[in-house]
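For reference, the structures are reproduced in the following blocks.
Note that subunit A is present in both complexes that follow, paired respectively with subunit B and with subunit C.
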Partner chain A sequence: MRTAFSILQKDLRMEFRSKESILAMWIFSLLIFVIFNFTFEVSRLVMLEIAPGLLWVAFIFSGMFGLNHSFAVEKEDGNLRSMALMPVDGGQIYLGKFLSVTIIMLMFEFLIFPIFIIFYDLQLSFQMFLLIPVILAGTIGFTSLGTILSAVAVHTRNQQILLSLLLWPLVSPIIIWSVNLTGMVLGGGEIGAVFFPLLIRVAAFDVIFFTIAYMLFDFILED
Partner chain B sequence: MRPTIDKTLLIVLLITFLTSIFLIFNWVPQIKASNEAEQIAQKIFYFHVPSAWLGFMSFFVVFVASVAYLATRQRRWELISVASAEIGVLFITLVLITGPIWAKPVWGIWWTWDARLTSSLILWLIYVAFLMLRRYLPDGSKRANLSAVVGIIGFIDVPIVYYSIRWWETQHPNAVMASGEGSLAGPMFFTFMFSLATFTILYAYILRKRYQLLELEDTLNKQFKEMEIL
Partner chain C sequence: MAVPALHLEKVSKDFGRIIALRNIDLKVEPGEFLSILGRNGAGKTTLLNIISGVSRPSSGSVQLFGTDPGDRENKAKLAVISHEMFLYGNLTALENLEYYGRMYSVNDLEQRIKTVLHEVELTHRRFDLVAAFSRGMTQRLTIARAILHQPSLLLLDEPFTGLDQQAIGMLIDLLKSQKELGRTILLTTHDLHTAKVLSERYIILEKHQIMQDGLMTETNPDEIRKKYFSPLEKAEMS
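And then the complex of A and B:
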């Protein structure tokens, strides 16, 4: 547990000093909103319908920065080898990395959400608090798979493109469900009976993905 | 021993393949459909569905071989997983090609973002990424480890992808093997099973051949290295 915690601490400290990832993600999301606006000139009603998808497109495209960055820094500093040599369970390293990536991504999502509300003129309501568990569950699914695949992709020449190729198809179930759930909340109507079972399902798959990644991480560090 | 098995497999494969084609095009009765195009298009079912099943089986073999590799660290498991992934991608490619050929006359469109179609495409993407990962990594135990991990995660993800996308409505013809209305009767069932068996033999044959080829590559590389040392 202490290993995971010190990795988390180190990553967060690095991020707060440089603000590299969060800033890049935030600006990139802003760009996505702007580009979507140019490419799909649609009425406000249609915009409302595609807004949940757009939000998640912004999340996952920008999230790639954080994921790529997470192991790329370690590689640049030659730390991958030391991590492999550390006499601790690989799962601990995974846990630390997973936590730092997730926290950074959640902070970015928190910062971009107001912009999203303003750009798409969404009605604020108490129901929106339901987005907190939705975004949390979706993000954890994305980062739990993303962290291990980032550690895989960092060994290749073409890290960034390969991470997207590996991660997006694999994480598509989580994204599909998260978009559905977000749509239910933003739709403004009554939250149907499907909402909570679906949310629990996403959380269940988060646990599955996390557990698999946690168990397999040792094999990735090994030389 | 090896050449005999290969030869026997090849001969069996030739016989079953020709028989399948005969069964599909000459023996099995035409379905009742509104027009001729649909009747002919239906024949593709005997290629489309076995390819899909074999695609899944290939990926299951990738999974088993990946687990076996991580447990034993034997090179042969790695080679089996690569060979099987390549064949799986090939079969799913066939599925993605034969599907639209059937869909055009029957549905009137090549492609629709239907549950099964979408999930097959995602499945294809997962294993293409698996093969690409191997391309980008230098040969060695690192590559073997990383691809085994992705082979395991990928396969566990397959049912989840199918499950999630069924959230949407599907218009794909449903599991015809299940009993009830629209289930396969007599000659059609026989032809289908025969075709499935043929595809399975085809899979076994290609897998063996591909595996041998990969082994040969290994030997060749080893010899190259020895020459370099000299």
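And then the complex of A and C:
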């Protein structure tokens, strides 16, 4: 855990110093919310239908930026190679990178969510607390898979395209379920019997993705 | 009999149809300073990547201190210095060293950092971001980073590239002191003069294999230049 913690500390220190990822992600999401809010004049009911999708579009597209940035920093000045040379377990390197990407993404989500509530005029209720496990599970699924695929893609010239091509097909079930779960919460009605089993399914996928990535990361670091 | 620091047997490496190394046999004893000479594309960097365990050979065997180069114990004994800095520009010199020290589980890290910063004359700049450093200062910090965990084997991949005279002088002095400490050092370079000053033995890689393996004392640099280097590289070296 010491290795993972050192990587996490280093990444967060660099991010807080430059604020490069969080700022870019926040501005990008803000743009999405502004454009959609002012382009479509729809009733509140229709807005409630599309809001969950919009929220996750903002989360995921901004998250892609965070993922790309996380390993682009490592590629600069050969730091990815230096990681491969270190006498540490590849899984621990993965864990450190995964934690830093996830924490940065959760912080950005925490900062952008109030803007989303204001723009789409959503009613605050206790039920909204259910969004915490939904966002947490959806984000972890995205970052657990995204972290390892980003490490694969960073070796190539078309890093961003390759990351999208690899990530989207695999992560789409988690995103679709997360959008559905968010819709159930924002809809304001009673949470149906489907909610918790679906949330558990997302969490199960998170565990599977994380475990596979943790075990495979040593091979990714090799040439 | 002492275990060699490095032992390569019939090592070949290819990337698809491109051959990078062919049947390399090499033995380096502990404490030896070996220079690896050769044209661009001769396979020098690939050879160092294989020795460091970052890349696996397509065939043949590599042993570092008697075991696989990928072993964690071996990785802890190894340091690489290349034209890539292995440093984070957005961290201070001190933060970079603290990070590397933790990754290599360096004992008494604080004291060790003080020592290496003093050795590379960067103590007064320890709180500055690496992004604000000149090329020479960055390379000095790279050296500090590399020797922080007191490695037994130093791999230097064209470390003099882009350095000013002062930085080159400092790097040469530092390598001499590392040699005196009994470290095994492998250096790839085009600079025959520096190689001759520092190392006692050299190999020449040509067409992806070792064409010559000899002692520096028995070598005429002009002959080597004439035989193995292109006009452009000869001009660079003289």
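The rule is simple: the second predicted complex is superposed on the first by the 218 of 223 C-alpha atoms of A that agree within 3 Å, B and C clash if a C-alpha of one lies under 4 Å from a C-alpha of the other, contacts with A are read in each partner's own complex, and residues count from 1 in each chain.
The rule we apply is simple: a contact is a pair of C-beta atoms (placed from the backbone, for glycine too) under 8 Å apart; a residue touches a chain by one contact, two chains touch by 3 or more.
Keep in mind that this is a model prediction, so the values were computed, not measured.
Student: Given the superposition on chain A, which partner contacts more residues in subunit A: subunit B or subunit C?
Tutor: B
Student: Quick one: is A:Leu216 in contact with subunit B, with subunit C, with both, or with neither? Answer first, second, both or neither.
Tutor: A:Leu216 sits against subunit B, while subunit C stays out of touch.
Student: For A:Leu55, is the partner it touches subunit B (first), subunit C (second), both, or none of the two (neither)?
Tutor: neither
Student: Does subunit B (first) or subunit C (second) touch A:Leu165, or do both, or does neither?
Tutor: In the superposition, A:Leu165 touches subunit B alone.
Student: Answer with first, second, both or neither: which of subunit B and subunit C does A:Glu76 touch in the superposed model?
Tutor: In the superposed model, A:Glu76 contacts subunit C only, not subunit B.
Student: With both complexes overlaid on chain A, does A:Pro87 touch subunit B (first), subunit C (second), both or neither?
Tutor: second
Student: Output check: A:Arg13 vs subunit B and subunit C. Expected answer is one of first, second, both, neither. What do you get?
Tutor: second
Student: Based on the superposed arrangement, let me know which partner A:Leu130 touches: subunit B (first), subunit C (second), both, or neither?
Tutor: After superposition on chain A, A:Leu130 lies in contact with neither partner.
Student: For subunit A, which residues lie in the overlap of the subunit B contacts and the subunit C contacts?
Tutor: 222-223
Student: Would you tell me which residues of subunit C are touching subunit A in their complex?
Tutor: 49, 52-56, 72-76, 78, 80, 82, 84-91, 95, 99, 102-105
Student: Write out the stretch or stretches of subunit A touching subunit C in their complex.
Tutor: Residue list for subunit A touching subunit C: 2-3, 6, 9-10, 13-14, 17-18, 73, 76-79, 81-82, 84-89, 222-223.
Student: Taking the complex as given, what residues does subunit A use to touch subunit B?
Tutor: 145, 148-149, 152-153, 155-158, 162, 165-166, 168-170, 172-174, 176-177, 180, 205, 208, 212-213, 216, 219-220, 222-223
Student: Under the definition above, what is the set of subunit B residues touching subunit A in their complex?
Tutor: Touching subunit A from subunit B are residues 70, 122-123, 125-126, 128-130, 132-133, 136-137, 141-142, 145-146, 148-150, 152-154, 156-157, 160-161, 163-165, 167.
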